[in-house]
Structures are given as C-alpha cells and as structure tokens.
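Each chain gets a letter, A, B and C, in the order it is written, and its residues are counted from 1.
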Amino acid sequence: MRGKGTAVLLAVSAAAVALGRPALEPEAVDASRVREPAWLPNGKLLRLASFGQRLLLADLYWLKTVTYIGESTLSRGHRLGSLHALGDIVTDLDPRYGYAYQVIGSNLSGLAHDVAASDRLLEKGVRNVPDRWVLPFLLAFNRFFYARDYAGAAAWARRAAEVGKRPHLALLAANLSLVANTDEEYALSLSFLELSLQQPQTPELRDQIKARIVKVRTYQALDAVERAIDAFRARNGLAPIVLDQLVWSGFLPRIPTDPSGGSIEYEGGTGDVRSSVIGARRPIRVSE
Amino acid sequence: MSALQIEKLGKTYRLGLRMRSVVALDALSLSVEEGSIFGFVGPNGAGKSTTIKILVGLIKPSRGTASIFGKPITDPASRRVVGYLPENPSFHDFLRPLEVLELLGKLSGLAGRELRRRAEEVLEMVGLSHARDLTVRKFSKGMVQRLGLAQAVLHDPPLLILDEPMSGLDPIGRKDARDLVLELRRRGKTLFFSTHILNDVETTCDRVGMVMKGQLVAEGSLGALLDGSVKSVELRCAPLAEEHFAALHASALDGSRGPDGWVFSFADLAGANRAAARVLSLGGRILSLSPQRETLEQSFMRLAHSSGSAGGEWRQASSG
Amino acid sequence: MKATLAIAGNTVREALRERLLYNLVIFAVLLSVSSLTISRLTLGEQFRIIADVSTSSTQVFGILISVFVGVALVSREIDRRTAYAMLARPVSRADFVLGKFLGLLATAGLNLAVMALASALVLFLYRGNGSFLGSGFFVAFGLMIAQFAICVALAVLFASFSTPTLAIIFTLAIVGAGFLFTEVRPFWLLSDEAGMKPLVHVLDFLLPGMGLLDAKEALTYGDTVSLGSFATRMAYGCGYAGVIVAIAAVVFSRRDIR
C-alpha cells in the first residue's frame, strides 16, 4: 500500500516536472536577460538607514554596478540607463570610493553616452576624493573628447597634474592649451609649466618641460601674427605681402621674435606663418 | 544582643502597570536570641520568604528596620555574618560543587587555601563528597538542596537564615538536615528558618513565629504555643467477638474497626481505663493506650480560625 | 573588588559556554573568509571588499553577541535564581553589576580578538604581506571594543529591570539610534527649524555616538589615525559605557529580587 502510494507520488511529481519545465522556457530566457535594477533607493536615505554599514552597502551596490555594466556590455545595444543612479548610490554611501567614481564616471561617458552625468559624478568625485588625479584626468578627457571644450580640458588636466604630482600631465595640459588657442590659455599654461619646473624633476623631464614652454611661447607668437593677418585680410580683402605691413597698418606693435630661437617666416602668397625651428602652428586636432 | 532584631518590618509591592499595591508584609516585629533555633511558619504566600529576602538584602523593605547582630540590614556588611539558604536554591549548573563553593566563598571574603579547606569541609558535612566531579546540572533536587546548605555554612556564619531547608529532601536527607541543624546549634549558631512543614518545627525549634497574611499571629516557645492539655485518649485493642464492638462504641466518643485492630477514643483517661478493663475482662488484648495532645498543626488551625484566616494550604510532612 | 572579579570571572566562564556565541563568531569568521570569493566578483580594489566584509561582520556580530549574551547572562541570574546566593553575601548590587559588565566585556574582547585575528589572516592571504597592519587596522578593530562596551552596558542596564525580550529590543534600538543619529546629525544641524540645534546637542550626550567609534573606513582606506584621536574616542566610548553601568548599578540596587 505504502509502496504504491510512493509510486503514485513519484509518477505525478515527475509528470509535473516533465510538463512544467518546457513550459517555463520563456521565464528561463527572461531570467538571464539584462534588466534595469527594479528599484534603486536614494543613496542618501540608504546611508541614513545603514546603521554604520554604509561601506558594506557601498560594496554591494558596487558589485551590482559591475554586474550591470558587464551584462549590458555583453548584451550589446543596451543603454545602461541606470548607471548614473547606481553611481550616485555607491558614492553617496561611500563618498571616498574613488575607484567607483573612476569606473562609473568613465563608463557613463564611454558606454552610456551620458557625458553630463559622467561630468557630474566625476566632479563629485573631485570634491570628495581631491587627491585622486584620475578623476580630473577623466574630466579633462570628457571636456576634450566629447565637449570639445579645450580650455576646460586643459584646466582639468592641470588639476590632474597638480594633485597627481604627474608632470607628464602638465605636458598634456599644455598641448590642450595649444588646441584651445586663446591668450588666457597660453598664459595659464605657461605659468603652470614654469611652476612645474620649480618642482624637483628628472633632467629628461625638465628638458621636456622647457621645450614645451618654448613651443607654447612660439605658438603664442605665431597666433598673434595669424590673428593680425586675419584682421588685415578682413579690412583689405587680401593677406599682406610682407609681415611689416601689419606693423605699418597698426595690427601689430612689432613683429615678434621667434621664441624657438629661429625666425618667423611668412609666405606672402598663402598667408601662412611658421617658425623656422618648429614649423607652423599645428596643434593636434580632432577631426570634425 | 539578639542575633536578629526585626522592628515593624513591612513590604508593599506595586504590581502591574497600574501600580496596584499589594501588602506582602505588614509591620512584623520579632527578635531571635543568639544560640536559639527559631522556626518561622506559615502557609505559602504568608510572607515568610518576603521577610527572609528582606533580611538578606534581596528585597528592600517599604517600612521598618531590621538588624543582624546590631548591624542594620541596609549595610551589605551585615551579611558577612549570615549564611542564607534560598528557597529552592539554584546554582550555575555548569560548575562543579567545589567551584560553586569557591565562587560564593570569594563573595564572602574567603580566599586561597582557607577557602579550599572550608569548601572541602562543608561538602563533606552535607554528604556531597561523592559528587565532587559532577556538574550541578547532573544533581538531583536533594543534592542541590544539600549544596545549598553547604554554601550557607561555608563561611562559618554565626547566624543562619534558611528558607524552607527541608523541602526537596528525601527522608534520609530530612534526617541529615535536621541533624545538621542540631549540630549547628550545638556549635552555638543561631538559626532562623522558615517552613510550612510543621513536623520540622516540632522536632527542632526552640521558638516559633507564625505568620499569616503578612502578619505575625503568634510567637513564643513551642510549649507556650501549644495547648498542653489532653484533648482525648485513644485506645487500640485486638479485635474481639463482633457483638462487643457496639457496647464499647457506646461508651466512647468514636470508634472504628481498622486492619490493625479496633480504635476508640474517649474524652478522658477515666473512660478509657474503664473500657480497657472491660476489654481485658473479655479476654482481649490492649495494643495501646495514648493521650492525644494538640499538635502544632491543630494549634495553627485554631489560631488561623481565630484570626479569621482560612489557613491557606497546609501539608503535614509524610514522615521524617 | 575581589568579589567583582570573582563574578566577572564566572560570567566569562558562563559566556564561553553559550552556543549562540560560537555560532555567531563562527559565522562572522566564515563571512570574512568568504569575502575572498566575493571580492573576485569585482574589478579592481578587491582588498577593499575583503576589508569591508571583515570589519562589518566583526562589528555586526560583535554587537549582536554583546547584546544577546549580555541580556541573557544578566536576566538568567535572576530567572534561574543563581543570583540569590550571591547577592545575599556581603556584595553590593553595584559590585554585582560591575562584575557582570566586566565579565561580559572581557568576553566581547575575546570575541573581538578572535574575529580580528581571522580578518587579519584573510587579509594576509589576499595581500601576501602584512602591509595592511597599519594604525588603520588597529584603530578600526580597537575601537570596536568601545562599541561593544556600550552595547554590553546597555544590555546590563535594561536586563537589570526588564524582561529579556524587551531588554534586547531597547538595547538594539538605542544602539541603532546611535548609528542613525551620526548620519542625520549634519542635516539636523543645517535645519532652520528652531529648537533643532539644542536638540542635537542634547542627543549628543544622550545617545551613544556609535559613528564616532566606527573607524572601519580607516582600514578600508589605510588611513593613518593619530594616537590622540584614538585615545579620545576610546575615552568617550568607555566613559559612556561607564555612565550606563553606574545607572544600571543604581537601578539594580533598587530592584527587589523576588
């Protein structure tokens, strides 16, 4: 009797499994699908209710974020719409979580294409973890690559060079200033490079910085001449034949000397200006 | 100086959220002379334990004062000279008996070799030496009670306050406990113990205090408390021919046919004598002839009724 | 003092027989060890996750042990009437309360030592060197004893006059409020509402400043903590616990042991 009962139980249960499992296939597919975290709390409120365990909670949400980024990347085409919320939660729980600012911030711009959110998170990171140079560096990248705000990029790069004690970043900042090509940027860049020179550096780096100062000065000089040529052309309809015309017509007080030690050369036909040592002003450019 | 002096001691509990007040003890006064054994009797819930717990500092009195050898009980130092056995004592069940005694001995200011010697001594005294390697968890109720007695006498206090010392003991244990009480008295200790088993009192106490509903209803020497007069006389004889029972019964107050003979009770010795002569003349055998005096229990019931109290739950000890 | 130490010693002995204690300690240690696996789920900064899980589990389970064992061992003395034979001796109620507190604190200290050692081993397994053993490590774990002292003191206080269940609820509520208050304090201080600032300053002294004693971050970020800061916080924590124990002694002195 008992054996029979068990057999019936087994048969019925096995039938339920055999019939039920295939029917659950849509659910099985769905279960592995990337989805937005169903509900994300406010990080600040979560911190209030963390009872001293905010670091642990930050880690948990960080792991969730890592999984979210990973799954979204694998599934392609996913928009990562919750990434900025996750970033806020993690960094509200632990404002000193530098690595989280760094990874989430770069992925917000790189993968989620939300540069504004990336900037916001990175700037929060700079406020809370001021000694983490990667954060201003990533901001510089965002400014340069997505916003094409070269002066802004240069400013963040200088900040990164400063807090990270990384003079290479000063060189990068100088390049960004060259792209920005404004009087203010030239001045800021020069003073920052001079400052870097005062700090102890390796001889190689010292030479590099010095060379970069010369380059910036040369570009500054070339830029001044170019702008005078543009103004001359705007009034007279054509470029001057010789540079001295610029001085005669009052567009330049005098022709600047070449800071690279060569001379400033001018081609009357094309209106191109160049330094005899470092050539024409040709900063790196992002193709439009 | 009296070992124990209690003046108008009272305790009112405030119970529950509404602070309903319940009088557990109402102006109790008594004194216990050094070297005597004082039995503190009364039904359960009469206030015996409350009194004792006040004396050893477990409960704060609401009114009145008490002192032990002249030291007020509010001073913890007064308890240096007291050995206390709680009602249904309980000890940390993970300890072995000597460890219990060493812990409690330290609290009484004993230490080192002296403490170890005393612990061994009292363990022997209460007959627990064989159980020295067991933890208290494995103890029977009687063994725990014995350990309770051991810890009470551990620091050789001149005053012992024992709450229901005989409860939980088997007949052998009761005898041992009674012997211990008498031995302690012989050594000049003062004993104050509560019980609701009146047998214990009759066999050991010099003086008795009866407490009822928080009040002391009687106090005095055992003799003074009991009405010494003969209440009745009981005659027991071997059974005779059936027709004589009715005749004997007629002259007696009461009569019955039991398995061990006929029993008759008479109002006085003279009536009993006449009946005995009659039994003998009929060729019967007298088994016993005994005058019946008031027991403590009867005395208590009498006092309880006269004080308008129901007397509560009473139990006569099975044997001792 | 001798009596107090005797009671403390017996309390440690009793506590070390608590199964709950071992369950929680073992669980905490297992969590620390499992953090080695959990940390693999992340990219970069694995150390941080191991450190966070270790310190958090030590703290949380240490607090739970302090509260539950603290309440149990005090109320049990009354419930099982083991306190009777002790309190009827020339021992003041304050001696008894202090003895219980010290015994429970010593137990919490032992737990902490075990859990901190386990955490150190796990961190060492991950790092392969002892570079994490800076002041941050010792302050993060060291200050936990002050947190546990507060928990034990509150447990003793509440157990000395209420039922075990209520005592556990009260203690956890106050400790929780202490953590919560640390977080809301800055917002309340910024609030424009009248009376908020005085309230904060009253609560500063009323509630245990658990957040001030919580230095887990120092291990996570390898912060250097000055000896002065450590000593001040330790003094605050032990002082708070001391005040609570004193109150417990007064409350317990007034209690009738029926």
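Simple rule for what comes next: a residue touches a chain if its C-beta (ideal position, glycine included) is under 8 Å from a C-beta of that chain, and two chains touch if they have at least 3 such contacts.
Keep in mind that this is a model prediction, so the values were computed, not measured.
Sorting all chain pairs by how many C-beta pairs they have in contact places B-C at the top. The greatest centre-to-centre gap from chain A, using C-alpha centroids, is found for B. Taking the mean of each chain's C-alpha atoms, the chain whose centre lies closest to the overall C-alpha mean is C.
For this pair, chain A with chain B, the centres built from the Cα atoms lie 92 Å apart.
Chain geometry summary: the mean Cα position of chain B and that of chain C are 48 Å apart. Centres computed as Cα averages put chain A at a distance of 45 Å from chain C. Looking at the complex, you find that chain A touches chain C at residues 47-53, 55-56, 58-59, 62-63, 66-67, 96, 99, 103. Partner chain C is touched in their complex by these residues of chain B: 13, 53, 56-60, 76-80, 82, 84, 86, 88-92, 94-95, 103-104, 106-109, 111, 148, 151. Residues 38, 41-45, 48-49, 52-53, 55-56, 59-60, 176, 179-180, 182-184, 210-211, 214, 216-217, 220-221 of chain C are the ones that touch chain A when the two sit in their complex. Contacts from chain C toward chain B in the complex involve residues 2-3, 6-7, 10, 13-14, 17, 80-82, 84-92, 254, 256-258.
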